[in-house]
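The same chain A turns up in both complexes below, where it pairs with chain B and then with chain C.
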Partner chain A sequence: MSAMFPWRRLLVWSATAAVMIVAPLVFTQGFAVSMLSQMGIAIIFALSYNMLLGQTGMLSFGHAVYFGLGAFFAAHALNAIGANTLGWPVSLLPLIGGAAGLVFGVIFGYITTKHSGTPFAMISLGIAEMVAACSLMFPSFFGGEGGISTDRVVGKAVMGIDFGPSIQVYYLIAAWCFVCMIAMFALTQTPLGRMANAVRDNPERARFVGYNPTRVRFLMLSLAGFFAGVAGALEVINFELITAERLGTVASGNVLLMAFIGGIGHFYGPIIGAVLVTFLQSALSNYTQAWLLYFGLFFLVMILFAPGGIASLLTLHKPAVQTRTLGRLLLPYAGAAAAAAVLMLGLVALVEMLYHLETKAEQVGTVMSLFGRQMDTATAQPWIVAAGILVVGGVLLAFVARFVRSGWAHVTVAVNRAKGI
Partner chain B sequence: MEFFLVTLLNSLSYGLLLFMLSSGLTLIFSMMGVLNFAHASFYMLGAYFAYQTSTYVGFWPALVIAPLVVAGLGAITERYGLRTVHKYGHVAELLFTFGLAYIIEEVVHLIWGRAPVPYRIPEILDFSAFSIFSTQYPAYRVFMMLISVAMLVALYLVLTRTRIGMIIQASLSHPDMVQALGHNVPTVFMLVFAGGAALAGLAGVIGGNAFVTEPGMAVSVGTIVFVVVVFGGMGSLAGAFIASLIIGAVQTFSVAFDYSLLSLFGTIGIKVNTESGWMELWKVTIAQAAPVLPYLLMVAMLIVRPKGLMGTREG
Partner chain C sequence: MPAALELKAVHKSFGKTAIINGVDLAIEKGERHAVIGPNGAGKSTLFNLISGRFAVTSGSILLNGEPITGLQPQQINHRGLARSFQITNIFPKLSVFENLRCAVLWSLGYKYSFWQRVGGLKDVRERADELVGMIGLQKRRDTVAGVLSYAEQRALEIGITIGGGADVILLDEPTAGMSNTETADAVALIRNVTVGKTLVMVEHDMSVVFGLADRISVLVYGQVIATGTPQEIRGNKAVQEAYLGAEVE
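Presenting the complex of A and B:
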């Protein structure tokens, strides 16, 4: 039905745009706008990462290099605009960041894309470490430990917009995010995007139909570098500061987690991942020191039980919705959620008590408040209770899993009947 | 001369330590096609376990216990982690080990804190073995080299002279055939993984107190080990050995040299404009550039010879 006008696609994109416009009007707290801005940046970055991992099958551990280098060039450009040595509108600054990302994508892509699979992954890590080590050697460009700070309110205000208030910055980021989303989606529909999928699935056959897999990987990496650079420049506008740790391996690992948790097999997966991970990181880091540990465990559980990410969990239930059997799953799911909550309660209690004993006990004593209760971590009782809750949760979860399985068996029967099998 | 000899010995002991890590990584990689991101984390765990054990029973039992515990953890990782994600492909396996490295680091934070732990070399080895001109050479470094070499000889003998070594070698190239002959290949995989982890753990036991035992040690050594494996050629033990010694020498020697491009220009008589923006680049000394050198070597090797020093496969 390619000749038909793609109404459905238009509807989805319009809805996306509407959500992005309305979001800051609904969430009006001070930190909400800043978080939404970060989500917009993370979406561009995660989608550009998925051009490599999801679409071309290149597992990169160094994607933050392009983000960070784009950001540093953008920061210096912004300073030059402020010093009146460069005439360039601030709203188009992401183009400068993108160009820098593209240039470094071309340079490093030339070296790295001769490889694929695991060697590519290791080399991307080596390049990331090299750039990170270099960033400490050249303080005049990377600003050493303190980074490069800038001021986004420069030049003449266009129609009263000078990017002083953060809401204006949000709409700038949202606009760029929307444009980049459409551009990256459009790219998946081009011959290059299709060949990238072919190279991911079977490079040998891709070569047989007359395409050079190395060339396809190189082009995809360069373009992904461009979009990462755009995201980096937006980060500079948002925070007015960029430090060398934004191009380090931790940042690279972070974008990998976002894309993977969201789901690398679907175009919209990394969007979900970027929104969820950004939210979790700022929400969890307010409450607990151990958030990195929880986050790592969450990631490991996703790999073990849902390697397709959240997006694939959603599409998994499509047949159940179509055959109207989703109701059979709701009750087992509710039970599983309750059991998982018990398990997590025990785990969180254990981890928090350990952290308290390890880091705070010397200053404030061994008594801590957890879930609104006072407990002494020096005594055995809270540990036994927490471990007990953990075990009970595990047993409950194993028990409920049977009902989930039988619910799914029912759905499968219904789906097969609908297919006429 | 004195400086050269001492640094050479230091680089040798460090290079051998790197090989203990990269050999396990290479074996696991060529057998299962899995690049174990958590390999350096096992190294770190080896050091921390040895520290903890040595506070109770002393260094010598720790030398045996810590690698065995790490081997056990490695076996569990393979059996209940990697084997579960194996059906989702290599990317999922790699990401699993990546996530595991993440968690191990956090758990180390949780149990031992963020500061380095006082894991010291045992008193009985805390003397100078011999002197080179005026420099006293520490006995512990000699001990490190002895342990590494003994381990390597043992590894070589096990792989080439024993029955299990033959099965491992056969499983590398023809796992289906070995399975058909009645051997339990998944168990062999688990053993190799545990063995590689034990080697990493042992490297941690003897390296942790020679250098420093802190939560960042896995990341700093891990990336160097990756560089070694890429430089030497993926899946080649001999390549990993040579690369370990080269990278070890580069890292050890480079910190000691204070030359920069500027001093080179001075020697060959090129005048440099001191106002130019490139001054910062010309002024960088080799010692300052030391952290970058291994990666530069790797990139240079990839441009000249993409499959690495002795690698057999490309891409």
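Presenting the complex of A and C:
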């Protein structure tokens, strides 16, 4: 054993656990618990995806297959538990989902992991399409369009817990999420996890130190399938319903976005991505029908300006923290945020007006209420104002960008001085 | 006792172009053997065939008397053969220590284990750190390999190659592109890490070749035109005409 006990790591994990325990006590609005539950599920799913993309360098377009199949098996198992034909505690249902995810990970992994790079990505897409097609062909298992519904409250309550109230479900999900996070982190610290990085960086060299890259990819994909299946089973418990769209390519694309936005180069990146994307998706979709457009824009901006994701933005600031020059950046950042807010105000106004004019004007007329004001989208004035705000925001942002740059120049000088350059 | 490495009538063609035209070669256990020859003679191709990177077109290759023809590179590695590359081939995003750890994991029996914490494996850590010391990169232990200097990367390349404890080592131009002092260091390193092992080395620098090798084979147009001790090779007429000529004098 290494001499140093990893206190720091223990601290990080304890803090994580504390946040997960306290979160539903802090956010008490009606939808908050449901959203937190979804975040927990998304975290497991996104981390399992990153076992492929970030750790082994496999770009998969079909990871929802394992999530979805795990969920369907879990749904049928839960129904069997309810019908008393299967004796299994609901709290351990994720093991059934995980087992299903693992089995399909083994099957599809065997087919796909002989390849890497673009061929692997294409085959994963093919498998996703094939499984989606199968879901239409076997309505008895996949439940057709309506999906499979189920009831998580089965049998007698154990110590008052029957998973009826959504807060109980949240804590079940949080517990599984925590265990899965630790398990997936631990995996990165094993010989297989380390060799996955080696295979990602240089599969050929891995061969000449004794490792078969295909075998490494296969094992990582199988294990990732397990964790995706666990997430799927938790989804079944949470919603008591699973439909075939959850294993389709849109769902697969979504988990890719989560991992990417959070940052695939860091273990915790997908956690941030899962939390943020889940929040944006449910928050935005509550307020606007154009949310997919905003979400797409957000993704675009991230790819263009922070291709390493939010995690890499955070690590970027580490030297500023170490040299105590972060303060130099705060004011410019605040200015940039204000300018960006103005820009977004103009943009959102334009998009919403356009949306109103195109989709609702025929039924309800051209007048709409936006940010608490009435405006007629058939007249030029609101358009001119919105466009003006957009332009002003853009100019402001370009102006403030200089201060951000000079702030960074200060940081760089301090960092170089600390290095003795 | 079988030869450490034996090639029998090995041929290799890429499409219609024959690159290796019937190579027979036997390298004894514990021998330091240099393969020399002009550019494009097929030396690297020969290494690629031996190490399983390419499949032979015909002929057979034996490692310690056992056929290894047609095996995958990792299978050949498991039988005790390791190689370095003429063009540096490391894990550029991993640290020096991590590169070497990857090189030792298999040989210490951890294979694809996902139930052991690599940081807790004392033998792995000690062996990897021993290698860091052997290749003289203690100060660069935790540096990402991609930013090392050329000579440091070449040293790491050798470290990765010997890390798995293979007893037959192939080094492809280990000193190419190095300054005189760097070359001297590299030669000392090679001498040091191949004690008790069989070494096959492609090398253009004749002082390195004549300083290190017990025997030399000369490869020209995919054929071995001579094999012998440094003295024999120096005195060989055909070799002088085909290749050595001016360089030795």
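We adopt the following convention: the second predicted complex is superposed on the first by the 419 of 421 C-alpha atoms of A that agree within 3 Å, B and C clash if a C-alpha of one lies under 4 Å from a C-alpha of the other, contacts with A are read in each partner's own complex, and residues count from 1 in each chain.
Here is the rule we use: a residue touches a chain if its C-beta (ideal position, glycine included) is under 8 Å from a C-beta of that chain, and two chains touch if they have at least 3 such contacts.
Just so it is clear, the structure is predicted and the values come from calculations on it, not from any experiment.
Q: Which partner does A:L300 contact after superposing on A: first (chain B), second (chain C), both, neither?
A: A:L300 contacts chain B only, not chain C.
Q: With both complexes superposed on chain A, which partner does A:L219 reach: first (chain B), second (chain C), both or neither?
A: The second partner, chain C, only.
Q: Thinking of the overlay built on chain A, is A:L370 touched by chain B (first), by chain C (second), by both, or by neither?
A: In the superposed model, A:L370 contacts neither chain B nor chain C.
Q: Touch test for A:I123: chain B only (first), chain C only (second), both, or neither?
A: Touch partner of A:I123: chain B, not chain C.
Q: If we overlay the two complexes on their shared chain A, which of chain B and chain C does A:L187 touch? Say first, second, both or neither.
A: Second partner only.
Q: Which of the two, chain B or chain C, is in touch with more residues of chain A?
A: B
Q: Once the shared chain is lined up, is A:A198 touching chain B (first), chain C (second), both, or neither of them?
A: After superposition on chain A, A:A198 lies in contact with chain C alone.
Q: Could you say whether A:Y355 touches chain B, chain C, both of them, or neither, answering first, second, both or neither?
A: first
Q: Both chain B and chain C contact which residues of chain A?
A: Dual-contact residues (chain A): none.
Q: Help me check something: in the complex, which residues belonging to chain A touch chain B?
A: Against chain B, chain A makes touches at 53, 57, 59, 61, 111-112, 114-119, 121-123, 125-127, 129-130, 133-134, 136-141, 249, 253, 256, 260, 290, 292-293, 296-297, 299-300, 303-304, 307, 351, 354-355, 358-359.
Q: Taking the touch rule as given, give the residues of chain C at its contact with chain A in the complex, in rising order.
A: Of all residues in chain C, those touching chain A are 51, 53, 72-74, 77-78, 82-83, 89-94, 98, 101-103, 105-107, 110-122, 125, 160-161, 163-164.
Q: Where on chain A is chain C touching in the complex?
A: 1-2, 186-187, 189-195, 197-198, 201-202, 204-212, 215-216, 219, 223
Q: Residues of chain B touching chain A in their complex?
A: Residues 29, 33, 35, 81, 84-85, 88, 90-92, 94-96, 98-100, 102-103, 106-107, 109-111, 113, 219, 223, 226-227, 229-230, 234, 277, 280-281, 284, 288-289, 291-292, 295-296, 298-299, 302-303, 306, 314-315 of chain B touch chain A in their complex.
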